[in-house]
Amino acid sequence: MSATFTKSMARNVFYGGGVFFFLLFLALTFDTMKVLPKRDNSQNITPAVAHGKKLWETNNCIGCHTLLGEGAYFAPELGNVYTRRGPDFIKAWIKGQPTGVPGRRQMPQFNLSDADIDDVVAFLKYASEINTNKWPPNIEG
Amino acid sequence: MSNDRAQSKLFPTTIWLVLVALTIATFSLGEAGLSGKGVMLTLLAITMIKSQLVANYFMALRKTKFLWRAIMFGYFIIVGGLIAMAYLMGLK
Amino acid sequence: MKYKSQAVAKLYFIAAIGLFLGQILFGLIMGLQYVVGDFLFPAIPFNVARMVHTNLLIVWLLFGFMGASYYLIPEESETELFSPKLAIITFWVFLAAGAITVLGYLLVPYASLAKWTGNDLLNTMGREFLEQPLPTKVGIVLVALSWLFNIVMTVLKGRKTAISLVLSLGMLGLAVFFLFSFYNPVNLVKDKFYWWWVVHLWVEGVWELILGAMLAFVLIKVTGVDREVVEKWLYVIITMTLVTGIIGTGHHYFWIGAPAYWQWWGSVFSALEPIPFLMMTIFAFNMVNKRRREHPNKAAVLWALGTSVMAFLGAGLWGFLHTLAPINYYTHGTQLTAAHGHLAFFGAYALVVLTMISYAMPVLRGRAANPERAQIMEMWSFWLMTISMFFIALFLTGAGVVQVWLQRLSPTPMSFMAVQDQISIFYWAREAAGVVFLIGLLLYIGSFFVKGDSHAFE
Amino acid sequence: MNPNLVNIHLVNSNSTHHKEDLPGDFAIWIFIFAEMLAFGVLFVAYAFTRANNVELFNASQLTLSRTSGAINTLVLITSSYFVVQGVAAIKRGLNKQCAHWLTGAFLLGGVFVGIKIVEFHAKFAADITMSTNNFYMFYLSLTFFHFMHVLMGMIILACIIVKARRSAYSAQDYVGVETGASFWHMVDFLWIILFPLVYIIR
């Protein structure tokens, strides 16, 4: 144990260490932003996808579902739902809610137009094509 | 006494020369393109000596409690040992 | 109470406890919806209940942090608060904004709420924890700035201690990183990437500075240990927090489209994240063992020690459990995440606010400590809440492990909903633990109304 | 962390042992141990990842410039040696000499940084990034992480040089110099392991 252990040095190390690791984080972020176009499927972002994302957000879908594993854990993962279920199933599903089966978890009816639903599907298709390092482990999400 | 010797001006210079020589040895092994278990262990042994010279004489831990030298030595034994283990796993 | 202006903290603490109760009630609703799916449907769908549950959590913790800083900064700085009036105005603005927002969530369909509050001008809503309408977000920024301004001005005119410095830095970081909630690109990967700059850099970064400062303050007060020692270790602990936590953000970047190297950076540094929490536990117990006085407020000591232990368990251990990329590959987005989230938020942040309230509230009510009977009741509430929350985490961990097995590891994976049916027993047990938690909380609130001979100041 | 560490500080009773204490302020040592831990985990991770991709690692390793790696090792060792001399000087109360030695160390740090930049530049020019393959991921991560430590060490040295030039230290009070020296030696220590591991062992 060192006899010298001063508050002022502890403070300096705190500042130095904090700044150091934040700069390192910025450097990694910079590299990430450079690499991202090869992975994030952004070339397929169309106005439909943008509108679909907005619908996704303004109906608070994340409040029940996960998207790429993030969100609530109440309802299925939707990052890969496009590949799991396909577009027609998704459209029919959204229109058919709520199921009203007693005791089952219920998804609200969001009263989206057909065009809106198409956009939501476009967004989910875009999300399913992001390079997620092979996550999820299988199609069930 | 080693302590007196250590405080003389020449002693750090000797350590430095040893470190330089060991670095050149490492580099030569690399340039010769040698590989294999023996070479790997030799390189790790050289690295161990170098790292402990730095810890004990440059960082001046030789004069401190055993605990601190043990941490630096144990650190190398664990890290170096795992490196050697991984290398041997890769030989198969 | 050494300074008159500290009294504003009382308002904040009362609001914090009230909102905490609201959070728990909505938690129970959600817990029941996990097993009785159509409970309260369509009046309160799950997504609405969850939004209220998580947003109330954030808001009551912020109220707690603000109250705590209005209480401790005058004492640290040895001067009256710069502007108690501003603190009171800020309080009412924040409370009104919070109440209107929650009512909006409950009474208006979310899509309409978005339309009416200008989400078309700037899309910020509908992302986890950042569901607040634009005006509320702007309000949060203004409230945080007013808070920061008031505190910094107080610190500047008085004594500058390490505790007040660290607290101010934490608040500054809180305000700055919240600004990323206004950045919501269409590119989902970038959206998620910077979303974590708010969420992770808050709870595993700057909030920990606030937590450390609050805990250090209470420990100095209740143990009488030399300030130099406490502050020194405060610096060391928060250094380790930043060293591990900032790059530790990478553990959220494994599967959202970010480059694969984050799996290494994130795993290595977040695996070290338990270290500062372990240090905090050892530190807190050491301080209490070396105490130079017997503070009459035993309950506060219990809360403080409880914070350090539960923060280590919830944030440190339960976080470590699934932070390594090869493990996280299977556990990402399962009930294990929920288990960690519950125990970490309770252990680190809920408890530190309750610690602060437990220490400060008696003083604000004109005594050194509450009557013996009130303290005993408070300690009962501590154990009830802590143990039941621990069991909530255990049951959710059980649910998560089974979920991972059935849905992801098994050679014949089951679908999400089929798995949910299989693990409903865990959810029932969790709900039962939740009810015990509510009882603990009610007991806690009750302890404020117990009368008796209170301890006067020495 | 050992709970005894806290104890000793609280009771302040460590006047009995004869052995010297860690050189420099204990706060820097906590940081040094943390950094060594992070590097250690990364070294081991490198080794085990290599075990599963031996051909890839061996092939990619050949594209590194062993010469610049070796020169940089010599540069760091020498700068560490200068720092040792600087500490010896200040222990005799010689601020000027100390500043000279540390300036030498600082300049060698600059040489290291220069060579490293050339090395990085060659890799980036060849379109090699952390996403190219696992070897380059580790190579760039480890060397860049270390590179940042060199820069930080240089900043620390610079602060000490400025203070030494103002004769702020003395034969009795040189903890500041030792603190910076300890950090600089750690940078050297880690490079001594990094160099053979990433550049040579195959």
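In this document, chain identifiers A, B, C and D correspond to the written order of the chains, with residue numbering beginning at 1 in each.
Heads up, the rule we're going with is that a contact is a pair of C-beta atoms (placed from the backbone, for glycine too) under 8 Å apart; a residue touches a chain by one contact, two chains touch by 3 or more.
Computed from a predicted model, the values in this text were never measured in an experiment.
Novice: Return the chain pair with more inter-chain C-beta contacts, choosing between B-D and A-D.
Specialist: Counting C-beta pairs in contact for B-D and A-D gives the edge to B-D.
Novice: Based only on mean CA positions, could you tell me how far chain B sits from chain D in angstrom?
Specialist: Each chain reduced to its C-alpha mean, chain B and chain D end up 15 Å apart.
Novice: Let me have the rounded angstrom distance from the C-alpha centre of chain A over to the C-alpha centre of chain D, please.
Specialist: 39
Novice: Rounded to the nearest whole Å, what is the centre-to-centre distance of chain C and chain D, using the mean of the C-alpha atoms as each centre?
Specialist: For chain C versus chain D, the centre distance works out to 37 Å.
Novice: Suppose each chain is reduced to the average of its Cα coordinates; what separation in Å results between chain A and chain C?
Specialist: Using C-alpha averages as centres, the distance is 23 Å.
Novice: Tell me, which residues of chain A touch at least two other chains?
Specialist: Within chain A, residues 1, 5-6, 10, 13, 17, 24, 31, 35 contact more than one other chain.
Novice: Do you know which chain C residues sit against two or more other chains?
Specialist: Chain C, residues with two or more chain partners: 232, 235-236, 239, 243, 259-260, 265.
Novice: So which bits of chain D are touching at least two other chains?
Specialist: Residue numbers touching two or more other chains: 9, 21-23, 27, 30-31, 130-131.
Novice: All pairs of touching chains, please: list them by chain label.
Specialist: Listed in label order, the chain pairs in contact are A-C, A-D, B-D, C-D.
Novice: With touch defined as at the start, can you tell me which chain C residues reach chain D in the complex?
Specialist: The touching residues are 225-226, 229, 232-233, 235-236, 239-240, 243-244, 259-261, 264-265, 268-269, 271-272, 275, 278-279, 282-283, 285-286, 290.
Novice: Once bound in the complex, which stretches of chain D touch chain C?
Specialist: 1, 3, 6-7, 9-11, 27, 30-31, 34-35, 37-38, 41-42, 45, 130-131, 137-138, 141
Novice: Please output the residues of chain A touching chain C within their complex, sorted ascending.
Specialist: 5-7, 10-11, 13-14, 17-18, 21-22, 24-25, 28-29, 31-33, 35-36, 39-42, 45, 49-50, 53-54, 56-64, 66-77, 98, 100-106, 108, 110, 126-127, 130-133, 135-141
Novice: Quick check: in the complex, which residue numbers of chain B touch chain D?
Specialist: Chain B residues touching chain D: 9, 12-13, 15-16, 19-20, 23-24, 26-27, 29-31, 35, 39-40, 43-44, 46-47, 50-51, 54-55, 57-61, 63-66, 68, 71-72, 75-76, 78-80, 82-83, 85-87, 89-90.
Novice: How about chain A: which of its residues touch chain D in the complex?
Specialist: Result: residues 1-6, 9-10, 12-13, 16-17, 20, 23-24, 27, 31, 34-35, 38 of chain A touch chain D.
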